[in-house]
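Only one structure is covered here, and it is reproduced in the block below.
Chain naming follows the written order as A, B, C and D, and within any one chain the residues start at number 1.
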Amino acid sequence: MRIGILTGGGDCPGLNAAIRAVVKRGTAQHGCSIVGFQNGWQGVIDGDAKPLTRDDVSGILVEGGTMLGTARCHPHKVPGGLEAVRDTVHNEKLDGLICIGGDGTLKAAGKVSDAVGVPVIGIPKTIDNDVVGTDSAIGFDTAVTVATEAIDRLHSTAESHNRVMVVELMGRHSGWIAVTAGIAGGADIILAPEEPFDIDQIAKRIKHRHRYKNFSIVAVAEGAIPAEGTSWDGNATIDDKGNPIAGSIGHEVTKALEARTGFPARLTVLGYVQRGGIPTAADRLLGTRFGVAAIDAIVAGESHKFTAINGEEVVLKDFSVMSGKTKWVPEGLLEAAREL
Amino acid sequence: MRIGILTGGGDCPGLNAAIRAVVKRGTAQHGCSIVGFQNGWQGVIDGDAKPLTRDDVSGILVEGGTMLGTARCHPHKVPGGLEAVRDTVHNEKLDGLICIGGDGTLKAAGKVSDAVGVPVIGIPKTIDNDVVGTDSAIGFDTAVTVATEAIDRLHSTAESHNRVMVVELMGRHSGWIAVTAGIAGGADIILAPEEPFDIDQIAKRIKHRHRYKNFSIVAVAEGAIPAEGTSWDGNATIDDKGNPIAGSIGHEVTKALEARTGFPARLTVLGYVQRGGIPTAADRLLGTRFGVAAIDAIVAGESHKFTAINGEEVVLKDFSVMSGKTKWVPEGLLEAAREL
Amino acid sequence: MRIGILTGGGDCPGLNAAIRAVVKRGTAQHGCSIVGFQNGWQGVIDGDAKPLTRDDVSGILVEGGTMLGTARCHPHKVPGGLEAVRDTVHNEKLDGLICIGGDGTLKAAGKVSDAVGVPVIGIPKTIDNDVVGTDSAIGFDTAVTVATEAIDRLHSTAESHNRVMVVELMGRHSGWIAVTAGIAGGADIILAPEEPFDIDQIAKRIKHRHRYKNFSIVAVAEGAIPAEGTSWDGNATIDDKGNPIAGSIGHEVTKALEARTGFPARLTVLGYVQRGGIPTAADRLLGTRFGVAAIDAIVAGESHKFTAINGEEVVLKDFSVMSGKTKWVPEGLLEAAREL
Amino acid sequence: MRIGILTGGGDCPGLNAAIRAVVKRGTAQHGCSIVGFQNGWQGVIDGDAKPLTRDDVSGILVEGGTMLGTARCHPHKVPGGLEAVRDTVHNEKLDGLICIGGDGTLKAAGKVSDAVGVPVIGIPKTIDNDVVGTDSAIGFDTAVTVATEAIDRLHSTAESHNRVMVVELMGRHSGWIAVTAGIAGGADIILAPEEPFDIDQIAKRIKHRHRYKNFSIVAVAEGAIPAEGTSWDGNATIDDKGNPIAGSIGHEVTKALEARTGFPARLTVLGYVQRGGIPTAADRLLGTRFGVAAIDAIVAGESHKFTAINGEEVVLKDFSVMSGKTKWVPEGLLEAAREL
């Protein structure tokens, strides 16, 4: 069998582990030829294919990013896109495609498969951890680890200077990184999209806390939003499409807390540091297990399914389980965050 | 309510996160008084109790080890032990006990509860990850992270010198650390107790590999054992009780591989580095969630149960689920380890 | 002898190592009593003294920040400040003071000593590394390490997305962190105050580079400034006193590069993450050696001197060597930064 | 000009930074062609040369080991070795050679240059830091960082279990790693070759310490040796040539301390973990600066010199400064180690 592989959407640590596992297991165990496409679906449209051997994937396990590059491209939205994909599948004699990506990439995979007739298996990745149907996706553990280390470092300077330290973390639609790293890092206040905040209430809690402690750490998800009906002097942080403007909510929260508490407040915007670099052991393991499961599945004739981790087991789930949905931080974790 | 808390068995990173969560949530949410016992069950026998406040647990989230100390002590095996525990429970007016520990500590908890009548809730911790009923236990993620970083570092020197690098990892009864870190670190050979090895076969694979690569990494669990009926010139590495002698299997494997392959082989024994130091974000989160669940459970009148993580949820399970059993590395993971 | 100790100015990793060394060596070797003052000179003014024993400094070697707290306070600028210091020195029967701080704290030390007659020895600390007379100061190595790790992580996401990644690093007056971490992290462009930049020139170099590479990393010191006479559409980033406004130069450079190159540009502001957390081995060693040298010096009757590292040796230098001066990044390092 | 480059002796982190700097600066600034030889002097003997371009060294800054491989080979000790080198120099039209290595590699460089007439410049690397004439050599900072992190992790488990934790660190001839990491990690006892130990004295100090603390950390250099005339029941740990047998001294010290103190003692042998993996920022900077200085020197017509860091400056020193000598840990550092 000849199997194609691509990575789409934003990159993150652990993608290379999945690519490596597909190539190693596909060639050694199943006798497949594996063909890599550059820059996500764009590479399939362009017919930009390259055979991948064990040598090609040697040493990439520890590397962040993706050796295949990535792009945000959906064949069904590009004029002639589906036809071009069909040509490539035909020319390369592909028996299946493994697509590593987020919701968008995997949704495209389903549509391509329907239109072109090639089987597709998806592998979920997103540092935001908002894919429904799997406990975790590739990249999330590394993002949380990086964010937690940053919060650790903020602690010592906060303590010495009686300050409010605000750290803005990734997460436009869900607050997984902020909540998880916030709990792990011992943040005092955690603002997530799942729970719109009342800035006056937050300021009050900080003032109360500073009676017996001389600092506070506030973890803010990019997508955190003020609750309706509350006082909030932040500038517009939502763009035309209703998305929060990246980088601004932390800034506004910092200003607002300094004004309302009287304590000096300082902002750190971790930004892209959260989605790059060496993957954690957990992300390498997850990527490897997903890669093994994906190649096994496509060889077994499966399609329209994605790999998922449920407890200790890697299972296959139908695309419909995740498509168009967002996995929110559950109430139990939000409550733990509120308390601690 | 007055709730006691103790840590037993070997220490590991993440214990303090659990203690902190019990104290913070117990006092703030449930209005409990929390009493800490030093050195595991020994402290309960001795009546060595100390009230724990929010201040006492401030800053311990990031610290390895346990602020309560630990000891391997089982009250039902100590003459007068159960009576002493009964006296302490009475004197301290305890309404329940939270016991953080491995199989031994939690088994003791069940027996103590039966004899003394005090409700007990367990929190599982072990870097070996061999507790049945929970996907993971406190300390495992950190141990794997440390072991994986070590394997990463061995890679570069192995590559430059055409060597067989052997790294001995913890795990006397199960091979979780060796298999998980071995996969995450890209080890070429992984030896775990679950799968007795044939040293000649291993040597053959290494010689084959060195035809196209000039190094190999071999991850060996402490409890790895040669398969019956195979050639093996290792000295006795099993003590009177059938336990492998710590520190020796890696040494013997190193010698045997050097002799059989002709390549220079070098040994690293990571040892206690795997069970100390700053917990990973995942272990802090797990410890915190377990602590929250344990105090909630005991306040709700539960007993003879332990906290477990199953997928995304923390649940309670009966002591009988785990007692006296060992969670082995499943075949799926072993196969992934064999292939990659 | 009774010796006081304080930390002033901004905090940084490694201060506790110095405090610990002073206490341990002072008590064990010299039989001194060591007295700690809280919050820098403010604590001396307030007479807020606390004896420090070996137990008090146990375990602080690995902790960021300062166990003594810190404040920006200069006794000679506070009404009645010098008199209050004199009273404290008299009441506490101090034979000397060890002051750990930057230029400001040490300048104050000299003036206090002149006015009050108590011997003072300084220990230089600053993540900015701009103290004249010493190869390095406490905190610099850790700041560079943190900044380099961040640049490492930015690399992988930059590569996968054809982007200009801008990272703003600390350094208002000198560019040590940006230049050092920039070289160590393989940044493509480094902007430091020592070398005012021409934004058009930078944009041109990036466009040239993107012909064969698909990303660029730009490290910007907080104090980087456009060269006179060059095109620059950045908003005012200099405040009334001529200081650059913290947090803004990176933002302006990002906007300007995106506009001029047409490539998407993204900003990371590392902020306080650079001055907190666990000190590196090098900073712990430097803090320890400075602490040992400082207590030895004051016991030997020295005053008006600071500890300095010159090559492998720790030496004493007169306050006049560093006072009011800034150690710039030398031309040799700037050239290395330009080339690589 | 055509310049050859090779790495010899044991590998360590930071070598690739030096290679990259030579290639980037050599080609861009000086218009040189750079030719890499595989496996140290062996590659020169074999004529195994490969042109190195900027592309070849892209991304290697962060990688441990050496892209050129390494071997312990001295042309003047190989029959026909010098003639083979002469042929290669002639065939490749080399105008100079840059040799990165320890004492052995650089000594060979001098002899080769004398015999063959080609200019040579050396770059010192050794995790042992025992090269005379330079404050530091490539690889030392990373080794100390790894060793210090290990000691950090041992602390928490030692504290919880009342143990003597022994960690064996690299350093056969000098104790730089043990002393530096021991101080930085807060080890209680440090055993280095520079100061032969009396095991009874050590045991006594540990017993004294355990009256008020319940653990000890002992850092042992591979080359640590018992003082003459002292009681010592260690087995022979010195081989025929008078070198200590790797891996054994830590084992013997552990046994001896357990026997003499009655406390349980546990051993960690860090081994090759210390010489592999990602280089620290300091080692990348040092490698880069040495690479720049080396190519500048050889282009300027220098020979028989090595790059050295003295304080803040990189300088050139004659081979005779370091040849055949060992830089010992100075008394000042040993005293700091004794005290703290």
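Keep in mind that, in the parts below, a residue touches a chain if its C-beta (ideal position, glycine included) is under 8 Å from a C-beta of that chain, and two chains touch if they have at least 3 such contacts.
None of the values given here were measured: they were computed from a predicted structure.
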Open item on the list: So if I look at the partners of chain A and the partners of chain B, which chains show up in both lists?
Closed with: none
TODO: Return the chain whose centre of C-alpha atoms lies at maximal distance from the corresponding centre of chain B.
DONE: C
TODO: Let me have the rounded angstrom distance from the C-alpha centre of chain A over to the C-alpha centre of chain C, please.
DONE: 35
Task: Distance between chain centroids, defined by C-alpha means - chain B, chain C (Å) - done: 41
Open item on the list: Centroid of chain C to centroid of chain D, CA atoms only: how many Å?
Closed with: 29
Open item on the list: Counting only residues that touch at least two other chains, what does the list for chain A look like?
Closed with: 152, 278
- [ ] Within their complex, state which residues of chain D touch chain B.
- [x] 10-11, 13, 63-66, 69-70, 146, 149-150, 152-161, 165, 247, 266-278
Task: Residues of chain C touching chain D in the complex - done: 20-21, 24-25, 28-29, 58, 61-62, 135, 141, 144-145, 147-148, 152, 180-181, 183-186, 213, 280-282, 284-285, 288-289, 292, 310-314, 330, 332-333, 336, 339-340
